[in-house]
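In structure tokens below, several structures.
Both of the next two complexes hold chain A, though its partner changes from chain B to chain C.
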Partner chain A sequence: MRSDPIMLSVAFGYLALLFVIAAWADRRAEQGRSLIGSPTVYALSIAVYCTAWTFYGSVGRAAVYGPSFLLIYLGPTLAMLVGPLLIRKMVRIARAQRITSIADFISARYGKSDGLGALVALIALLGITPYIALQLKAITLSHAILTQYPAFPTDILADAGFWNDKSFWVALVLAVFIILFGTRHLDASERHEGMVAAIAFESLVKLVAFLAVGLVTVFVLYNGPGDLFARAAAHPALAQALSLERVPGGALGWVGMLVLATLAFLTLPRQFQVLVVENVDEDHIRRASWLFPLYLLVINIFVIPVALAGVLLGDASLSPDSFVLTLPLAAGFDGLPLLVFIGGLSAATGMMIVETIALSTMVSNHLIMPLLLRSSWIHLGSRLSGGQGELTGWLLGIRRVAIVLILLLGYLYHALIGDAYSLVTIGLVSFAAAAQFAPAMLIGMYWRGATRAGAFSALILGILVWAYTLLIPGFAQSGWLDMALLDDGFAGIDWLRPYALFGLEGWDIYTHSLFWSLLANVGALVGVSLFSRQSRLEQTQAALFTEAMHPELMYRTPLWHGQTTLGELHKLLSRYLGTPTALRILDGDDRQGGDTSAAHSASPALIARAERALAGALGNASARVLINSVVRGEALDLNAVLSILDTTSQALEYNRRLEQKSRELTQISEALQAANERLRELDRLKDEFVAMVSHELRTPLTSIRAFAEILRDSDNLPEDKRHHFLEVVVHESQRLSRLIEEILDLARLESGRLTLHPERLDLADLARRSADAVQRVQEERGVTLKVDTPSSPAEVIGDPDRLEQVIINLLDNASKFAADDQGRVRLALSRHKQHWRLSVEDNGPGIGEAERERVFEKFHQLERQDGGDAPARGRPRGSGLGLPISRGIVAHLGGRLWVEDGPTLGGACLIMELPQAPAEDTATSPFNSD
Partner chain B sequence: MNRRQEKARLLALAGLALLLFSPPLILLFDQPSTNGLSWLPLYLFVAWGAVIGMAAWWLERPDVTPREKPTGAPQEERQQHEK
Partner chain C sequence: MPKVLVVDDEPNIVLSLEFLMQRAGFEVATAEDGEQALALVAEQSPDLVLLDISLPGISGFDVLERLRADNTHSRLPIIMLTAHGREVEREKGFALGADDYITKPFSTQALVDKVKGLLNEER
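Take a look at the complex of A and B:
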């Protein structure tokens, strides 16, 4: 099974399968039945993150550095958790601006600067090419192990020409694949459906292959995880294998690696490609935010068992990076090693495909196009101006050449210096390079003030520090430079030692490099931005990026104010995009009203659309230069976007304030209305009250006056009659003064000026005394009074005089309304929870439900059921003020007064409730708390 | 669950994950078990799984209405590029 022909046919057969899948997906896309329109496919395509480095290198790293390999996957988990916020914003920006790569993203953010785009493309090329080399190295190495095992594959490149190296041919096949499926359209912002489908498939293959190795290791080679871990624990070399002690740099190195992985996940060109450019639907991010971390968890679950088993295997397992292969090989499996090889191949090719597409887009749009446009553009233009669409082929050609060159560069790197580094080192150096994009990208997305000058200096400083602290020392360790650089520092200056810059020692090299490079990077971005100014275009772009989630600004680009004709625009578009595309773009503008003569001037919206179409193919910076070349006059209307932004946010703010104001006004007017109602009601009550008072006062006054007049005018009245009249006058005067006294009481109560003198008193005693006082009057009226008070004191706080007034009033009332014959009144005192209740009931007709509250209204007179206005015979009419006054007094003392049905006598029952006085000691002496 | 709340929850979850994955919490679990191997990897996998589970639970709830999708110019424009 491991002979070369079989292996080669399997490997290239697998690549052929990728072609089939990609072709099928592209076909489906053309038919409108997209294969990749699912969040699961999106999540699987993000798993291109797991390269050969994951597949072989994770186990190697776990065997050497313990659990630190997990950090490479915990970081992306953190980034994906905020994906629905962060990546959604990136996708929205990319869609609005037709972003083609991370270089385009950063260049567009800082005013469509071609310099920045070129810088990012260069850094990516410098930092990522080794990473591609790493994949090729993994393929070569795994192939060598598979064919030569159990011999250790040494000098695999030195003794054979490159034509014998399988990875060279793999690179070539991949170049063909990428050219076929990565450059079908010129529009790089167009999705590569075939490629994405193939990548998703590859993610499944590598997952299955790795899980197969893991399951076989744990359950076939060992009797389950318990057995494996027990044996590993017994092995002296593995005693500390899983602890933090193994992690380079300890806890600090741990954090550094976590940050590095988080940032690199967002900024690696291939991750930007699958996360942002290839995203079909924003809502897919939701599913991917947990599904992709889950994928990472699953693919890593057997890393530790495999690493432990590899170490336990001893010398037969060769180097840690190849445990995944050597374990099944040593156990004598036949098919499984081949599956592992395919898994590793899929991990490596997936990464190379996406990375190369991303890099070639950057190289052609940001390195080559600007050069062409600047230097030889005029020659190029004149030489080729005869035909239409000839530049389309040119541009595709540039991109295709770039693809081949990038893969060859990766191969060269691998062939020449690949042996010097271990897999992990190359990967992490690349990560640290990509992380330099993070400040310019992430800060630029949220801080409008970040300027182009700031981004420039940030990227340059960051990458210089990266090179000095990671890249150059790596060269030195490979033997190309004097190791003295590491030990003594540059030019012998001690504090310039690359691994201990400024004397910062004891950190692991990645955390050390990340710290210094990000410090320089972020420091320059913030510092320079604060002291430099943005051009108008930069301001606009900054606003469009930071406010990308603003609904008003969606897809708003600055409009060109200058003049150009349809003919010129058509010529430009068809030269770069081909005539059919140019016609589609121009035809889309219906507002031109069918007038498509070449001399007609193009509308600003049409120019904007043409620019976007060019940006999708050539990148934002070049598109702007091109449009600028055909538009005459005042170029961009930059104020428009900014003013939209300012006015909308201002309008929103005004709106918010207005709403708040109007809410307040409504509340105030409601309150006013309520107060007005209340005043009217009070006014009406006052009028009624005055009318009633006058009426009540007039009645006794009238009779006094009448009798007084009789006494004055009739001198010869008999003595007894005279005496009787005088009695009446005195009686009525008493009634009058009592009435006035009551009115005064009421007025004081209502104005709150009633002064009470509360003191601790025994309500039972008070009730008995009051009953005694009215006993005689009651008897005169033919009413029997029964008093039920407890023998123990009922202590309340109250004004004794006023309370007596209330009780007498209640008794007086009751006797007035008791039954005509055999009238009975009962006074009872009982305890109810924390209160004392004094109830006075009679055996009269009672008070109807509806009347119960009205008896407490002023001057309210109860009507007897027999229709008469007056109380029972021989009983005086009340003023109608007694109960309101009583209730006022009781309320002032913190109690209540209300009417119920009499429980024993069946008539009305008035109940006065007063709170029980607090315990003696606290009430009488508040100062004895100590 | 409204958008603001979802945003806050995701940020909180990411903060929690950061806390769980970094010192000093991981130091607590870097203890040898009875057979001598550290608990740390097991802890990391359990914490990791829990975080993913919570994210899945929140993001896959059926009551979450999809956010507004960008509409307007690009749709029409994208069609132009599709055959």
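Take a look at the complex of A and C:
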């Protein structure tokens, strides 16, 4: 089952299956029934993140460093969960600018700089080639283990030529695959449907394979997770395998690893390819933002169990990186190891396919094309007029050669130095290299001020620090360089030790390197940007990137101002994109008014479209050079975009100010309206009050005037009548004066000018005196008054005259409203918490719930429930001012006055509550207590 | 002898009006609220009513409206008495069919003249 021929046929059979799937997907795409128009496929293609390193290396890392392997997956999870807006912006920019790779993205952001594009492409090539080598190494190693088990393979390449190395052939087959499905179209910004479908399929295969190993390990080799963990716990070396302390570098190591993984997830060329370039629909990001983290969770769920089981095997000769394979082999399974091999193969090939496509696009568009465009050999000015044939085949050829070269480079790295590093080490070194792109890319997306010079310095400094702190020490450890560099530092300078730069010791090497390289990187980007100027094109591009979500700027591109003819444009496009594409672009322009003669000048919009099409194939920098070569006169109308931004932002600002002004005005007018209404209300109340007052004053005045006139005009009045009438006049005059007093009191109370003379007084005593004062009147009205006051003093602070006025008013009211027959009034005084409560109760009809507050309104006259007039017959009506005045006085003294149901007599009960007077020092003194 | 009905809730005002009417030679009935007034009109068919507007319970306006709605009393002379000096009140009174309107405090002479005038018209 594991003989070489079977192994080979399985492996190459699997690759053949990939060809079939990719071809099928491409066919479907041509028929317009795309397979990849699904968010699930998008999410699965992002899972190209999980390489052979995940497949084999996670278990290895878990066995050695505990759960730290999870950080590599928590980073992307974090980015996907919190970063959909960021990714959406990247996708939108990429679509608008026809971005083909991360090198193109950064180059386009900083004024379509071909230098930056080349730099990014170089760094990517330098940083990522080892990663490709890593995949080949994984394939070789897994194949060797499978065929030689139980012997552990050593010196895989030592005695065999490369033609005996299966990974060489795998690399070649992949080269063919990538050439077939990665370079079908010249336009690299178009989706590679077949490739994406194959990648999504590979993600499923590696997931199934890993889950199979995990399930078999946990449920077949052991009796479920409980059993496995119990046995692991009994194993001394494993007891602390899961503890967090095993993470290198401690808490800082955690943070460093998390940041590294998050940044790399966005900047690794293959991740940028699937996440941004291959995205067909922005809305797919939404489902991917939870589906992809879920995928990571599922593929990692069995990592620790497999690692534990591997260590429990107890065979020290087995590398932890190969537990996934050796575990089923040791258990004597036959088919399962093969499935694992296929899973590892799928993880490795998936990564290599996408990475190679991304790298080859970068290499051809940003390293080779700019050189060719500059060399006189291909110079367009002469070539175009010379009417040479199309260059499209030539351009695709460059990309295909690049693919083969990149894979060969990976193979060479693998063959020559691959053994020096463990799987994990190579992966992390690559991550750290890719992370150097993050500042130029991410800061450039949000800070318009980031300049080309800043980005250049950032990338160069960052990668230099990366090389010095990670790459070169790695060479030293491989024995290529003197180890003294590590121990003593460069030229023996202590603070230049690569793993302890500037004396920073005790960090794990990745966090250490990431810290210094990103510090230099970001510092240079911000620092140099602040002190350098942007060209006009840069300003425009910076604006288009940072304002990418601005609806008016979508798909905008700077318009060419200069002149060129349709003929020249046609020649240029046919040469680089092929005649059919060129015709499609030119025919799509209706504004040419049917005049398609070669001499007709091309519209600015058409030139812009031509540039975009070229950018999709050759990258932004080269497209600009090409268009520049045919357009004469002033190059670009850069003001157009900036002015849109400026005018819209000015308009927005103006609008915002207007809105604010109008809000303020509305508020003011509302306040005015409220004040006006309040004034009207006050005016109405005042009118009402004046009318009431006049009514109340006119009533006694009417009697007085009438009787005065009667007395004047009636000469022979009987004495008793005369006397009675005079009595009335006197009585009504008194009433009038009392009324005027009350109105004045009320006015003073309301204006706050009532002067009180508060003093310490005994409320019980005051209540008894007030009761005595009204005793006679009460008797006249046939009302019995009962007074219940405590014998001990009830001390309050109050104005005695005013309080007496209140109590008399309450008693007077009560006697007016007491029952006609056997009227009874009760005055009681009692303590209630920190207050004294004086209540005056009658046995009248009581006051309905609705009236209880209204009795305190000015001039309010109570009406009896039975429809009779307010006080019982024969008792005078009040002015309707007594209670409002009483309440005002009590409130001024810090108390309250309200109405309740009478507790004993069943009528109304008015309660006055005043705070107890504070204890007086002298009163409590024994010397003064006489 | 013509009979005058005096309606007011202020006892002293009733007292003065009663005296004034008697002195002028009229028979006098008094009421201190609207309901009493309506009952007395029905019972004693006075020749003229001196009617205060702000009465407890049903107001003077209500009494006026009810009397005017009743055919037997639609032409009964009614003089409104009010302590409200406002135009609206007077207009409302006339609109409801009052024959005259006197503002408190009033000149006793003017009051008596108005009563006599109205009663003479009726004859």
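Definition applied: the second predicted complex is superposed on the first by the 641 of 930 C-alpha atoms of A that agree within 3 Å, B and C clash if a C-alpha of one lies under 4 Å from a C-alpha of the other, contacts with A are read in each partner's own complex, and residues count from 1 in each chain.
One rule holds for everything that comes next: contacts are C-beta pairs under 8 Å (C-beta built on N, C-alpha and C of every residue); 3 or more make two chains touch, one makes a residue touch a chain.
Since this is a predicted model, take the numbers as computed values, not measurements.
In the superposed pair of complexes, A:Ile304 makes contact with chain B only, with no contact to chain C.
Between chain B and chain C, the partner in contact with more residues of chain A is B. Residue contacts after overlaying the shared chain place A:Trp516 against neither chain B nor chain C.
Of the two partner chains placed by the overlay, only chain C lies in contact with A:Glu732; chain B stays clear of it. In the superposition on chain A, A:Tyr411 makes contact with neither chain B nor chain C.
Across the complex, chain B is touched by residues 30, 66-67, 70-71, 74, 77-78, 81-82, 84-85, 92, 95-96, 185, 187, 190, 229-230, 232-234, 238-244, 251, 254-255, 258, 282-283, 286-287, 289-291, 293-294, 297, 301, 304, 551, 554-555, 581, 584-585, 588, 609, 612-613, 616 of chain A. Touching chain A in their complex are the following residues of chain B: 6-7, 10-11, 13-14, 17-18, 21-24, 26-27, 30, 32, 35-38, 40-41, 44-45, 48-49, 51-52, 55-56, 59-60, 66-74, 76-77, 80-81, 83. Residues 9-10, 12-13, 15-17, 19-20, 23, 32-33, 35, 54, 56-57, 83-86, 104-109 of chain C are the ones touching chain A in the complex. Those residues of chain A whose C-beta lies close enough to touch chain C in the complex are 691, 694-696, 698-699, 701-707, 709-710, 713-714, 728, 731-732, 861, 863, 867-870, 877.
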